[in-house]
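Below are two complexes that have subunit A in common, paired first with subunit B and then with subunit C.
Coming up: the complex of A and B.
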């Protein structure tokens, strides 16, 4: 198995929110990708957006601009 | 075969719609049920279509665009999801059973129903909505276009009445979505119900509703959603709240291609061509002795539908003759709009409905006119 790293993980209430996140991030060239929600996190939707910790501000600003609703922001080993 | 039953379903679909369904069936997983490529492809296609349809109908938030299997499902969710015992609701005689039957069910549960009357031409008086409003009135449920006569309802005007009185406005756009521009904001629509397989040119089994932000709709179904697995209750967030169970990803992929086709071709161009066929047919048959045409043809916009009868002939007999002698597919009989038939006086006879597509050719229209002329002569 790949060695885990501490990452930023954004969770969502619905799949539609997760898909809106992916689409917006692609459009705005924001980094990250959709992953299955890690076991350590309890989340509504099974999809989460995973990015490097240092991208936190960039990710938050993209979400703010596009009005994307997250469930929670986590930092965890992924 | 000459297919003139497009108000039931548009049979000829753009080639790219068919291809999109085939491709989806070869590559799509279950949307929202995993983070693997096949599931994500389904989720992306469904989300893109959600966004596309939201904008197509002038909506603001794609999360408020819900997929269902057809208008009937959307109307059931809307009507049963917003009305409560003690509420009063207003509808019209133009409605299809997909509006009337859920309303009658709600009537049995203690909802009071007022039905705005239609004249013999299938027209309503807009003042009648205002006259029916009382303190208990919760909603107006109204069609955008009659599936029997093709008469349009000025839903912007009805929407304005609903908004002025603080009522929910639920619109059945089965006959108009994809052909007539619909703007939920401008028309004050709170819940727009549409099907994918008619004017939107998508596959059967696709449809949906746009629910204005802040309007709470009780779900009709609960179950799998791919999210919040350990909660005993179905998620309350839109659109998942109203989308229990595996979605029709394959069909939605086709619907996506269909909306793209309409946008590329131009909704106005499609409508003008359909109306041209309708008017040519109408002018070709209206003065033939023995022919009764139903509906309001006094001018202006209307759905590409012409319903008629020949003398006292049973409409089913005429429909059968059109099929066997001329290869023309129409819809005779009763059209799931019982009160409209009552208003037109066609409960016994039914009516033969001709409904056109932008794919319909001038020759097909000419053949249909000739068929009616010959059948009417036989009658004499």
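Coming up: the complex of A and C.
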């Protein structure tokens, strides 16, 4: 089984924002992948963007350019 | 207390096993076999108990529905996950609730019952699964294309308590008065003792809240992210029901199986569940998940649940619900169940409505 690591997890207000994030990151070759929102963060069942901790600045700038608003940024084991 | 049920696949499967045991127990104690804890059937029965429709064989205030909402409410309040939210296109959600119920009653069961019927060897449910997966895939495609009903916002704490309070009200009416209708024959007359049904519902609701159990979501996550977490919960439930059905001699592989309350019109089983899968992804969850989300404070999901009730009433008032294959008591002949003409038209309209909703509601950029 894959070992869990501390990762940056970005949550969004809507699933559509998460989908837009995936599309934007693919276009701009930004790092990360789509995951279900970790249960420890939320009782909701939406999607979140998961990337390495050190990618924080890159992720934030991509979101700023694309006009994608985050709900929150977390650091948790994924 | 560490109540994290979802940090490993084993625990997720365990949640499914617990819910499967509850369903098996409810069937054992008197609920219609293979209905066990079907959300669509039981919302329909509860709508009947309230007099919203007059089909006298399917009227009974099901404590399971009340229990699931209150179980999710109690566990989310106790673990500080209760959040009163609202404002994500409520009337569209109401319509999606109607679509989910109409599709379910043409197939004869919600996704939960589809899985329970699959575990009993009912091949009609396996056929319907094709439609359900295609429906979820269509919904997932819409999500990829930017579908959104807009974000929900925090609202008055009391707003999220309304549906749980209504459920308590229905329970009190059922326990203390003779106002509610109650079937004397048919599926509505078959039920476990109230206290067992209520406790079963509470346990089911609590575990579903902790594990985020969702039949539509499980397939959506596989399609969108190749993530099998939620599917693990469903597999756990399926395995328990399979073992129960084999052990009790209820496992019969076949299509025309009288007693299961199903029909073998494949096209309409597929299209019925297609509408359910599609609408459930757009609404963000299957009927079970809507009850749980409503319990943990979402007024948007509560409105979807009201849509389920309204849809159930329409189904029986307008003759949209299918009939199940049954034995003629006098001749012993098998009488094939069927979707009704009105039900077929309704399913087509429902699918068209889903497409309109899916491709006209787009995400707005924050810019």
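Everything below uses one rule, namely that the second predicted complex is superposed on the first by the 74 of 78 C-alpha atoms of A that agree within 3 Å, B and C clash if a C-alpha of one lies under 4 Å from a C-alpha of the other, contacts with A are read in each partner's own complex, and residues count from 1 in each chain.
Rule of thumb we're sticking to: a contact is a pair of C-beta atoms (placed from the backbone, for glycine too) under 8 Å apart; a residue touches a chain by one contact, two chains touch by 3 or more.
Treat the numbers as computed from the prediction; the structure is a model and nothing was measured.
Chemist: One more residue to check, A:6. First (subunit B), second (subunit C), both or neither?
Modeler: neither
Chemist: Name the contact category of A:39: first (subunit B only), second (subunit C only), both, or neither.
Modeler: second
Chemist: Looking at the overlay, what does A:53 touch: subunit B (first), subunit C (second), both, or neither?
Modeler: Neither partner.
Chemist: Mind working out whether A:19 is in touch with subunit B, subunit C, both or neither, as first, second, both or neither?
Modeler: Touch status of A:19: both partners.
Chemist: Let me check the overlay on chain A: which residues of subunit A are in contact with subunit B and also with subunit C?
Modeler: 13-17, 19-20, 34-36, 45, 47
Chemist: Would you tell me which residues of subunit A are touching subunit C in their complex?
Modeler: Spelled out, the residues of subunit A in touch with subunit C are 13-17, 19-20, 33-36, 39-40, 43, 45, 47, 66-69.
Chemist: Which residues, counting only subunit A, touch subunit B once they are in their complex?
Modeler: Interface residues on subunit A, with respect to subunit B: 13-20, 22-23, 34-36, 44-47.
Chemist: Within their complex, state which residues of subunit C touch subunit A.
Modeler: Touch list, subunit C to subunit A: 4-7, 76, 81, 83, 88, 143-144, 146-152, 209, 212, 214, 217, 221, 224-225, 227, 229-230, 284-285, 289, 296, 362-363, 365-367.
Chemist: What residues of subunit B sit close enough to touch subunit A in their complex?
Modeler: Touching subunit A: residues 31-35, 40, 43-44, 46-48, 50-51, 62-63, 225-229, 235, 237-240 of subunit B.
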